[in-house]
Every structure is written in structure tokens, then in C-alpha cells.
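Read through the structures below before going on.
Below are two complexes that have chain A in common, paired first with chain B and then with chain C.
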Partner chain A sequence: MPGNRWALRYCGNMLSLTIKEVSLALREGKISPLELCRKCLKRIKKTQHLNAYITVTEELALKQAEEAESRLLQGVYQGILDGIPFAVKDNFCTENIRTTCASRMLKDFLPPYNATVVQKLLDQGAVLVGKTNMDEFAMGSGSTDGVFGPVRNPWSYAAPYREQSGGAEDDSEWVITGGSSGGSGAAVTSLTSFLALGSDTGGSTRNPGALCGAVALKPTYGLLSRHGLIPLVNSMDVPGIVTRSTSDAAIVLEVLQGRDLKDSTTVQSPTSHAGFSEDFDVRNLCVGIPKEYHAPGLSQETLAQWSRLADLLEGAGARVREVSLPHTQHSIVCYHVLCCAEVASNMARFDGLEYGHRSTEDSSTDAMYAASRHEGFNAVVRGRILSGNFFLLQQNYERYFLKAQQVRRLIAEDFEHAFSAGVDVLLTPTTLSDAASYSHFIQADNRTRSTQEDVFTQPANLAGLPAVSVPTALSSRGLPIGLQLIGPAFQDGMLLSVAHWIEQRVGFPSISNYEVPNK
Partner chain B sequence: MLGIHQIYGRRRVQLNIILPLLCRYYYASRTDNMLSTNVKTLRKTRNTPSRPVTVARLYSSNKHNSKVPKVPTWEPLGEDRIPSLPQVSSDLVDKLERLALVDFRTKEGLVCLERAIRFADHLNMVDTTGVEPMDSVLEHGQLFLRGDTVTEGDCAEKLLPLSNTTVEEYFVAPPGNIPLPRREERASMLKHSEF
Partner chain C sequence: VQPGKPSATSPRHWKSSDTSPTSPTRLVGVVGLEIHAQIQSNTKLFSGSKVGFSAPPNSLVSFFDASLPGTLPVLNRRCVEAAVMTALALNCTINKKSFFDRKHYFYADLPAGYQITQQRRAVAVDGQLAYSLLGGRKRNQIQSRTVRIKQIQLEQDSGKSLHDDQRSQTLIDLNRAGVGLMELVMEPDMSCGEQAAAAVRELQLVLQALGTCQGNMSEGQLRVDANVSVHRPGEELGVRTEVKNINSARFLSRAIDYEIQRQIEALGRGEAVLNETRTYDSKSGHTIPMRDKEGLQDYRFMPEPNLPPLVVYEDRGSVPAGLLGAEGVVVLEGLREGLPELPSVKRARLVRSYGLLPEHSFTLVNEDGLMEYFEAVVKETRKEPRKLIGWVTNELLGHLKHHNLSVSKCPVSPSALAELLELQEAGHISSTVAKQVLGEMWRDPGRRAPEVVREQDLGLVCDSSDLQRVCQRVLDSHPDLVRALQEGNKKVLNRLMGLVQKETKGRADPVLVRSLLEEKTS
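Here is the complex of A and B:
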């Protein structure tokens, strides 16, 4: 009786459901994939002012949703994500769909293949609704430095912030999403997609996760394939997962993880490690509070949340103890040097010859290269390439590059010591404070902002560890505050279990509890 | 488990007085057993702006978890502790631009590099004697090796269209083996190349 299949309609706001809920509703026939897709596309239009998407793949999305619909009508499920709309940061290659890295360099680039993580989602029957906005080549922490303009935080338009920032008429004080995966953060929190892929090199998924009030997972390095992710820093890049709940993040992680023949740095997760559980018992848990994560500039409210969660865990029987990660302070400097060095090397591929922007300058090959890169890259990218080349000069190699690699080991060892001394998970802030207004944020340059914004996030990248940001409360300004959990390598499942335990107790509100974030 | 009332005090105040002064918290009323801080639904009623509302307020004597440090545990390093001021000579600028194949464009670009170097110089305060440089976080494990056989390729027709200029099956480059012009001429070349 296919005709009556969708008769039992879902009455609530289907867009604010979690993946788990919407997947069930799709299977039970309470929601039609096509209707769901149309609603997402409609909402993308409605929230266009957020500038969360660079490309909306409307036609393709409707086609995919139609296919999902006919599958479901026949009772054939391709996977748990069948029919569920998702978004992808615009630095993951998508076959014949423009992939720009928010740069003039790639503004017309049509990749001939899908990134492995994108392909895995499509294989599940998930529906791609668009490519999300970001900082150019993922270099930034605000999603303010891309060629398509800054991303606006959906909470800028929700009641809690509007009411205290001086009324609905004035939107000049809108706040940033954080970055560099700001479009993915905004897409998930503004309810235009159920999950989004970000990338995380120094915090680029967790930072917008915290500022937008989403769950943001940076998996263990090597757990997810980087094939098709346009590289920033090969030794630190990981695909990130942005969702509205920890259970959803666990579902997506399960789908995406695993060895990929096309990425030799992928590793199979050891089977001995516990997977995600919604009934995690924190009584056996030892939570470390790294004292160095009370860094200069930490806001009182974020500190209060940190303390509150420590209380919460302690009150439930977890052992909470202070630990020291003594090299934390130097981590951001180490990251700065290694990032620039790898960027200098990675960006060498963009020469205008085989793909990407090509200048009309044709007096010589080198002149064409220089002119194409001059025209194609923004000041931030050029600055990092030049700094990286400086650090890699023969006379500087030891002083900067090798030195940074040595400090990297010390940072990784700090974590090892904490975990081998019995700590299961580290609890820290994700960012120094809630989201800054755009006008305030752009008063300092990109490097200064990244130094401030990535202070708590990049150590996990240097050490390759899994980390997740969980929203815990709204600040006095009506903006999300997130806390971060960092775990030992390949304990992503356990990490999400602890995050789930927290999530169930903090009662962080969905944006749908407030008015629709219309401009 | 500590209840919210033990942690936070509350006080009834005039909204128009507290607005500039106090933290305001919003809370979407959800299930009661959730531990939520900060607690009160606060609805600003525009036509009666001075209507008293109840807000939760963080007292300065707010109980703080003893494991979480109350004050920052380190200070940003003062600029005066950095060994030397970087000097980027014009020769070095030229060299970097040739190597990187991007230009500084403006004086600001150069200032940006000097700041980046100055920041990186903080590293030299860390004692790394005898520490092995770390290239990869996967150094302890054996990475998977696949068989040494060709598994893909033959996709010229997919790749060539990505290039701006091709002839038959070739990418076309301007004349090679010509070094970049001198710095002053480069500026005009790049200026010319602006959109």
C-alpha cells in the first residue's frame, strides 16, 4: 500500500530531530525523504543570511531524496543514514560539485572524485544538500576569512542573544561561528542539515562546534580517511563530525571510520576498545583537569561551566583530579611553526597549470605561477606560505622546524603521562569564551585570533588524540559555551560515551526552542 | 550531587537596573532532573521594560570545584623575553618570494612575517635537549601497505578538462627556464596580472 505510506505524518518540527530520531521516523514511514529534503532546502533559503553554504546542491539533493524515497517504499534500506540530509565543508572533494576551499584559487574547481568520507555517507543513502562555507583553505578560527564572506552564527538571531543585544531591528552586532568549519557549525545548528563534515587541524571543527552549540568530534588521527580532503597540515588534519547530539556523532563515526586503501595513514581501530554506550557508568571514570588549561583570557563563565561539570562528574562518583600538562603553553607556538611549514609545502601544488586559477600572465612558467598564486590566495594564505618557507630555510630549519617537532613530542608525552597515570579522560574548556561579535573579532589579525582561539584545541591535534566539544550552557549573552573532552588514541567511543553522559545532564537547549532565526 | 540552589543565589531585581550590570541567563524549561545552572526564563517585555523579573546571579562567593584552578596558571610571555628582534633583509624577502612563488605585496605582509617569526622564537625557551623530533603520531605502529600493483589510472579524459590550457593530451605552460624578473619588475608584472 505504497499510496498510504506517508499517511502517518510526522507533526512536530522534523528538522530539529536527531539523526537517530529522524532515521527511525523515515523507516516507520512517518516522514518522507523527499519532504524532508524539501524542508531542508527551504530552510537553507530562509537562513541564507547566515552565509553557511557556498554551494547548495538542490537538484542533486532532490534526486538523491527521490531515490531514497523509492528505496524506502520498497522497504530496502541502504543504511542508517538513508534519506538523511547532510552538508560537507567545502574542502572535501565532491564529484562534479564545485569544491572551492573558499578561495579564488579553486572557485571553479570540479573534482572528478568524491572524498572517501563523502562517498561513505552517500553509500549509506544520505542526501547531500550543500557545501559549507569556511576560512580560505581552512586557515582561520572565525570563518571570517573566506572569499565568499563571513559566516554568521545562528544564535545571533535567536531570542536569548537578540533580547540582550538591543532588540530585533539591529543586527550589526551579529556574532561569528568560529572556524574554520563555521559553515558546518551553522548548518547543523540552524537545522538545515542533520550532520555536517568539518575538518580539524588545530580545532577547526571543535571551535565552531563550541561557539554554535553543536557536538563536534575530532576523531583520533588515522581513524578516518583524509583521501579527498584538500590538505592543510597532513600530520594533523582529520575529518571532523558536527551533529546535534553525541549519539548522532557516534552513529556517523561508526559509518566513517576504518582503513582506506587510498589513505595510507588510516588505521583500523583496535577491537579491544569499548564502543559508544548510552549507559556509561562514570563511577569507574577518572577525569583529569589539566591545570594549564586555565589560560590567560579564560572567561569567568566558561570557567564556571568547567567547574560545574567537574562538580557534576564528581557528584556522580567519578574521580576528578588535577593533572599537569606542563608544555601546554608552548603548544600553540609549536603548532604555528609546524602548520606554516606544512602549509608552505602543501600549497605548492597550486600553480595554475593542471587545475585551479591560472593567471593570464604568460611571459614565463615561473611568472605564471607567481601571478596565479598572487591572484588566487588571500593575504592569510600567502602569509602562512611565506612564514613556512622562512622556517624551512636551510639556516632556520633546525632553529624552528626541528625545534617545533621536538616540542611536539613533549606535548604528546604530556598527554601520555597523564593517561598512563590512570586518567581516562581530560576535561577542559574548548574556547576561551563564547562567540565574539564580528566587528570585535576582525579588529585583530588572523594569526592573533588563531593564537587565542586554538589555545585549547590544537594540542590534541599535535598528539593525534580524539577530542569532542559538547555544548553545556548559554552564556549571559545568550550564546553557547562548550567544554572539551580529550581521550587516549582510539578511545573515541568511550569519549563520546562520557560526552553523552554530560549531554544528558546539562540540558543544553536546541535553537528550535526559541524563535526561528530569521533575519 | 550539588543542587543548583546551593551553587547559585537569586535575587529579585528591577530589570532596567540589572541589565547593564549582571549576567543574564536563559534557560529553556526542560525536565526537572537536569542540573541546569543558570536558570531562569527571562522574557523581556518591551512595553513594560521596568517590570521586575527574577534572574539567577553568579555570586562572587560562588562555590568553585577545588580541582579546577581559579586563576590562570601561566602568563603570556612578555615580548622582552624573546631573544632577538627578527630582521628580514631585502635579500631575504627576494629569496622567500622566489621560493614561495607568492609575493609579500605590501609592507604589511613583511610586518606579518616579522611578527610570525617573533612568535615562533618563543620555542627557544623550551629545553628540548635530547628530545627526538616527532614527525608523525603514528610512529609506533606499522602502517598498512597494499600490494604494489596499479589499481587506478587511465583517466586523462577526466583530468585534462580541469586545466585552463591544454593541447591534445598535454598541459600547456608558458616558456620555462626563465627566472622570475627582479623584484622591482615583479611588482609591475603582478600589478598587470590583477583582475
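Here is the complex of A and C:
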């Protein structure tokens, strides 16, 4: 393992603990919530150069931590997350805390309500430390296209990468976090929060999870409420969970899942399915390797990790077999058509009237709309709106939107066939390779990059299936590589159990093993 | 050109065969209606905010209504049930599964930039509404007609824009934004304004009976747009115009008739009818083209991804176990049984139980509250309903119409009228006097009939010596009539009786007068 090449230097830092560990420490009185919160806030300041946060809610966090402290002193626990700092992607509404979607359009938007998933965390006593950076309106795969600037991958500043990329002094070769939930990925791996909410429409949580070395879960569509999540594509969006361990992801999933009357597409988690288990026996497991995922551009190292994991599972008694998902090749095109169409529709509300950016142009209402929207949205958003409206024109509807919906059905059926033929989980790469340097990444436009980056992740969104990215190793460049597991609908618990099994065997290092990521 | 459709030369063909008596050469109107009915519900279609007509601006607006990002629609079961009940009352087929769609256009009072409606499949289709008109020269003949209902769909209402031209500002009130609407599409089965107005009136009565819409056109609870075209019967339909901004049944009728006439005249001048939207100007009684800067709109319809299909279950047994008792489950059984008495059934019942004429039942049901008034009077008198009906539909309604009052504002209560009619029935006053007393009661609400009769000494004169004198006086002053009567002209007797009644101000007992007159002239 590459990590062994560097001297391990455990920080002895409470910030590097898992939720499970820190929750126990809090309850046993070994750590105080206020102290924990202050440390997180301090570390946020120290890692400011990562640009992981758009808004740091310092005052509120300290107040919440104080409340948690007085609860814990009285021995009253609000929940397993009581007193634990968390971060939220800036496309989830937070009451009276600005929620920008990293867009000029919502730069000063103060939502009057909390998203359901945020409220559930707050109800547990968790402490909100800030709102994380992203691509504008979650349209992107690098966290490079937001109005607040790009997010830097914490591993850019850790020893493994710095040592091989030629000198700690050179800052120009920092690598991206992936996206669009790059801020959440960076927040969790740079140890400024114990969990973060992302959103996942085509891979936006799993992609930065893989590139930042975090566990990133995209739950089954309908399991978590989208109420308060500013939508990208309603029929694919799910709140994503970013943590440092699979057990932590299971804890957060348990807290967040369930029917919400405010979101008519949510369902009660079926009780018939097995929950998360840390002692999962892989001997009865059938793992499918979709042959179509041997995509062009897949790096040798990622491919090697993929094979290694398949061998590891097989060696432990699981049945590993090749499966075919024949419509995979059409998936990304289908995704883009549906994505643009819903984007065009969802963005129609941003007209500068009720909220959001309003241009000073006032010659007519129409002129005001046009100017507000032009000024408020970046070129990526405007481009997708334009394409989406084109796809939805009466003359194009059948040829694009309807066709894409039909292909979407075929893609979902591919998965159904695989699972009904006895496969329990699919094992695939999450991304083509490890994180690209920013300078390299921006050489291609957002659309090209999204097409490359979402290739393995968006089929699960089209089919509404649960998927999780687990970090497996550091690449020769010293950057995380993640693999993805995809399971049948509502088998999120089982999926995390398999991920846990993998996690226990790959021994992926925490960033705290290396030098503190400081600029 | 489609087969079977007339070619461009067909108008000439019709003209050449003008001599044939069956040749339909006259242009006639064809009218279809699109009706938006605001659903009577405490809360909006997809949000929990209240519905109210005259609340302060923007005081009934939820986060969803203002289209705050991240908010999602939650279907209001009451609104679905209202649409289903309406559909059942109009003999529609209920779609067991229907869908919601987004219809996009930018407008200041449409905060989301799209309206949630039902484009692909509406909640109900293929219904019909039976309605009647009073026809004939005396307008006492019932003409029964039917208009087909193409579909009923659920959709959101928009907010309201107020344009302040002086300050060149537009003010937005979102109180109405998101209120549930039923859009009813009526096929072009009508041919004139009167028919359309009668169909709308019948629909109003149905909606009010069901309690699914208050149906007040002037308050915008019922908004009617008319699609109007003209053609020669048997030929394909002409180019149609859509007439909007009609806020009463009377204006609807006028607007349609004006538009039909306008189109006929335009074609007569060799001009074409344009496919356009026109607005009705109630002052001039004309329809005027609406300025439409945007031209043709492409609404870019898309399925609403935040709402699952709307499922209506036949009975409780067909509801999946997990959903029984859950929010938003709509079951036909129960709704069907709970339907109230509809206007057509009411009319039939009135004819059957009271022996009324159909036109009377028509008047009773069509006038708000008149049937209830009538039934209350019936309960309190011994007078036969058939004899009483004229008092309600002629005398009372005449007074109401004259003073432009609704039944609910009638100053004469049913029991007061009953008391008056009771006096007449018992032979204490004549019908002429009864009408006079009703007039008094109308002028001075609160006065009861016996009081008026006593004070003004209006009781029947039954004293034969008094009547003897009056009769003799009449006979003496009309020797010509007496002669005619004696020569066998029996009709003259009625004349004489009338003269006696005139002398006694209608207070004479007619039976007594007749026998006295007969006796004296024989």
C-alpha cells in the first residue's frame, strides 16, 4: 500500500475520529461538544485555502454546541449525532442561513425554512458548521464552476501527493475534488466536519467521494426527502451522504431515511430488507462485474483496483461474475437530455421577482427577466437551459425527451435483469481515474468533463438505485481511488454492509496519517 | 385535403342548389366552451395555504405558492375528490390513473414559470351535461339539450397582476396562485349564446349542489372562455376565435351572439375569420382582438416529476394494503354514494311530488333558493302546490326581479306568504286582494297579511244586502250589457262581474256576485 511509504504521524486529533467514535467520546464526557465545535471551526479557518465552505455558520454552531453541551451534562441525549459538527452542501435550504447554490442568482438568498434532511440532523442535536461549495446549481463534476471559485482537494496538500508532484512549495498543481459536491467531500476529508450532505443527480456525491477518499452514499430514490433541496433534476436528485466510514454512512442513513409528507416521491423504508451489518458474510454474495464499464479512458490504476477488489471478494468466497448492462453506452446521452429538460423547467422560477438576483434593467418585465437571468446564471447553467428548452419544444419532444425516457426505462431494466438473475451487488469504478489537477481539468469545458466524469455514476440515478463509493487505495500520484457498489432498490443497508467488508480489508488511510493539509 | 371534406368550390355548389328546400345554405354558429372552475376547498391544490377571495394581497401565500426553491407540491385530496365528484355528476369516465404535467410560460403572476396541469391524461373524460332552455313564443316550452364534456382536468390557478400604467409598475398578488381549478372542456355542441348561457347555468347549479365550486362568475370562481366559429351545417367547422374576459352568463350570451354575427358578416364581405383570441367589452357589447405580442406560444410540456401518478381507486378493497387510510388516497365508492340531489333530479322530483309543470320546476331550480322557498311555503299552507306555484314563480319572482333582489334577500318570508295564501284559501280575501296585500307586505316588511287586511278593510264582502246594492248599481248603469246578456251572450256576465269587483275593490265574493247577477238579469 502506498501509504506505507510515508511515515505515519497520527495527529492524536479528535477531529479524525469517526461519528461512532466521537459520539461515544462525547457521551462518555471525554470530549466536550463546545471544544469539538471550536476545533472544527479553527480547522475550517486553517484550511480556508481549500475553499470548501461558502458560508461558515460560526455563531450558530457555537450556540448549538453550547446547547448540546448543557444537554450532555444533564445526561440527555437528543440522538446519536448530538453535538457532532456537520456541513451541508449549499443547495439545501437552511433557515435564515444564506443558500446560494454557488450562483450569483442566489448570492443573498435567505431561505425561510430548513430542508427536511437538515432538520432531521438538527433534531438529532447535530451542530451545523457551514454550507459547502459546489458547482453552480450542482451542474458540474469538478466543483470548479461555482461563483465562489473552485474547491481544492485536501489531498493536494498531503504528503503522498506533494512528495511525488515535486516539492511542497509549488501550489499550481493542486487537484480538484470532483463534484458537484466537492465542498462536502473536502469538508469531510479535511476533518472540518464529521459528515456532510451532498446531492447526487448523476454522481455528484460519489464523484467527489471517490476523488477525496470519502465514503459517499447515493441512497435509493425516494428513501430520503428532497424537500428543501434546490433541484437539479427532480426525477434523479437524491440527498447524498459523505462520511469517513461506512458505519458512519449507515448511522446517518438511518437518521435521514423515511417518508416525508412534504415530498410525495418518498416512501417508508421497507422493513423487509436487511439493515446494515458490520459482520456481513460475503460467502453468499454474488457480485456482478458489468463488462460495459470497461470504458475508454479508464486508468490502469483504477482498473487494477477494480480487479483487486473482485479478486478479494472472490477469494473470500463470494461469487464474482461478469454481467452485461447492454444499454449503458446510451446512458450518458440519455442523462444529458433528461437533465437539461428538467433544468430548463426548474430554472424557470428564477426570474428575479420573488427572490434572487434582479437586474436593474427595467424597460419592461420581459427585459428584466432576460437581464436578471443572464446576469444571475453562469454559461453552464444558461447552456443547459437553452438545450433543455430545445428538447422540450413541441416539435422535438418525441425525438429527444420521450426517446430519452424510453432509453431510461431500458437502462433500469438492464439493472433489474442483472439483479433478478441472482446478482446481489454490482462492483464498478466510480471515476475513470484519480483526481485531475485543476489546470488540466479546466482545459476541457464543463459539458465534456461531465460526460467523462459521470460515465459510471449516472446510470444508478437513471434507475433510482442505491450506490456507494468506497475509497480503496491511494494512486501512484498519492491520490484516492474509489470503487462503486450498486445494489437493488432499497437495499441500501446491504450495500453499506458489503462496502464495510471492503473498507475493513483495504485499509484506506486517513489524511490525518500525513501532514496536516496546510497551504 | 381530407377525403369527404368539402373542397374550396363547395360554397358555390351550395349556392347553385339553393332551390332545394333542404339545402342548408345559412351560416350557423358553433360554440364550444372552456370553463375554469375554482375548486371550493379550504386550502390550495398543492399547498396548505388557505383559499380566500378578498384577503389582503399576498397574505395567503405559502413557500410553495411563491415558488421558493426546494419546495415541492403535495396534492390536496379534497381537490381531487371535488373533481371526481364533479366528473361523476357529469357522467364522465374517471381515469383510474392520471398524470400531472408542467406547462411553461413566463408571466409575472406565475411564480414557478410553469403551471402544473394535466396534459397527457386528465382525471376524467367523456362526460355529458344535459341542460334545458325555455323556448317557444311564450318561452314556456322546455327544450332539452346535451353538451358533451371532453375532459375535466386539475390545474393550478395563477396569481393576479395589477398594472399601474402611470408608474409603469406591475404589482403581483399571489393569493390566488396555486388555488385548485377544474378545467372543463365542452365540445362544440352549442349553436348560440342562449344555449351556452343555459349550459353554463346548469353547470353552475350542478357545481353548487355538489359544493365543489361556488360558481360565481363575477368573483371569478367560474371563468368561461368561448370558442366560436360559423359554418354551413354539414360542412367542416370554420376557423374559430376564442372569446375571453366574460364575467356573467348574460355577457356570455351576448358575446357569443355578437361574435357569431360578426363572423357571418365578415365572411359575407368576403373576409376571412382569423384564428385569434378576442376579449369581450361589456360596455360596447363587442368582441375585440386581444393584443398578443408573443405570438404563438410553445408551452414545452413536461411530466411533473415531483408528483406520482394520481390514482383513483374503485373501492376500498382495491386500495393496496399499505395505503389504506393514508393521506391522499381517493376512493370512488363513497364519493358516488355521497353525491347530493342534482338539479335535474330536483326538477323531476318537483314535477312528481307537487304535480308542477316542467317549466315551473325549471324556474324553481334555476333561481337560487327559490325551490327551498317554495317548499317552505307548501309546508305551511293547505293550498295545493299547483295553485300556489304561480304565487312563487310569477308574483314573488316578479317582485324580486323588479327590485333586482335574490331570493335570500326577499323581504317577505315563506311563512308570511303562506299566511297570506291561507287567508285566500280560506275565502277571507280574493286573489286580487291577495296580490294587493303582497304589495303592501313588500313595501313594509314585517307586516303580516291579516294585519293589512284588517287595517285596510280588505276582507271579502259577503253581506248579500251590500252586494245587492252594488250589483244593482252596476246593472243600472250598463243597460247595454244587460241587454246583451239577456240576448244570450254569456261572456258579458264576466264583464259585469269585473265591474262589481272594481266597485268593491276586488273584495266581493265572486260566487255570491255571480249568483246575484244571474238572479237579477234572468
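Points to keep in mind about this one:
FYI, the second predicted complex is superposed on the first by the 508 of 519 C-alpha atoms of A that agree within 3 Å, B and C clash if a C-alpha of one lies under 4 Å from a C-alpha of the other, contacts with A are read in each partner's own complex, and residues count from 1 in each chain.
What we mean here is this: a contact is a pair of C-beta atoms (placed from the backbone, for glycine too) under 8 Å apart; a residue touches a chain by one contact, two chains touch by 3 or more.
The structure presented is a predicted model; accordingly, all values stated were derived computationally and were not measured.
Of the two partner chains placed by superposition, only chain B is touched by A:Glu301; chain C is not.
By the touch criterion defined above, A:Lys107 reaches neither chain B nor chain C. In the superposition on chain A, A:Ala115 makes contact with chain C only, not with chain B. Contacts of A:Cys93 after superposition on the shared chain: chain C is touched, whereas chain B is not. More residues of chain A lie in touch with B than with the remaining chain of the pair chain B and chain C. In the superposed pair of complexes, A:Pro160 makes contact with chain B only, with no contact to chain C. In the superposition on chain A, contact of A:Lys39 is made with neither chain B nor chain C.
Touch criterion met: A:Ser345 reaches chain C, while chain B stays clear of it. When the two complexes are overlaid on their common chain A, residue A:His227 makes contact with chain C while staying clear of chain B. Touch criterion not met for A:Arg27: it reaches neither chain B nor chain C. Contacts of chain A with chain B, set against its contacts with chain C after fitting on chain A, overlap at residues 109, 112, 235, 261, 264-265, 344, 348, 351, 353-355, 365-366, 369, 389, 393.
Taken together, the chain B residues at the contact with chain A in this complex read 1-2, 7, 19, 22-28, 30-31, 34-38, 42-44, 46, 58, 62, 64-65, 67-76, 88, 92, 95-97, 99-105, 108-109, 112-113, 115-117, 119-120, 122-126, 128, 131-138, 141, 143-146, 151, 155, 158-159, 162-165, 171, 173-176, 178-181, 186, 189-190, 192-195. Across the complex, chain C meets chain A through its residues 63, 66-75, 102, 104, 106, 108, 111-114, 170, 172, 298-302, 305-308, 327-328. Partner chain C is touched in their complex by these residues of chain A: 92-93, 101, 106, 109, 111-113, 115, 226-231, 233-235, 261-265, 341-342, 344-345, 347-351, 353-355, 365-366, 369, 389, 392-394, 397, 401. Residues of chain A that touch chain B in their complex: 109-110, 112, 159-160, 163-164, 167, 221-222, 235, 259, 261, 264-267, 289, 291-292, 294-298, 300-301, 303-308, 310-312, 314-316, 320-322, 327-330, 333-334, 336-337, 340, 344, 348, 351-355, 358-371, 373-375, 377, 379, 382-383, 385-391, 393, 399-400, 402-410, 412, 445, 447, 451, 463-464, 473-474, 476, 478, 489, 504-507, 509-510, 513-514.
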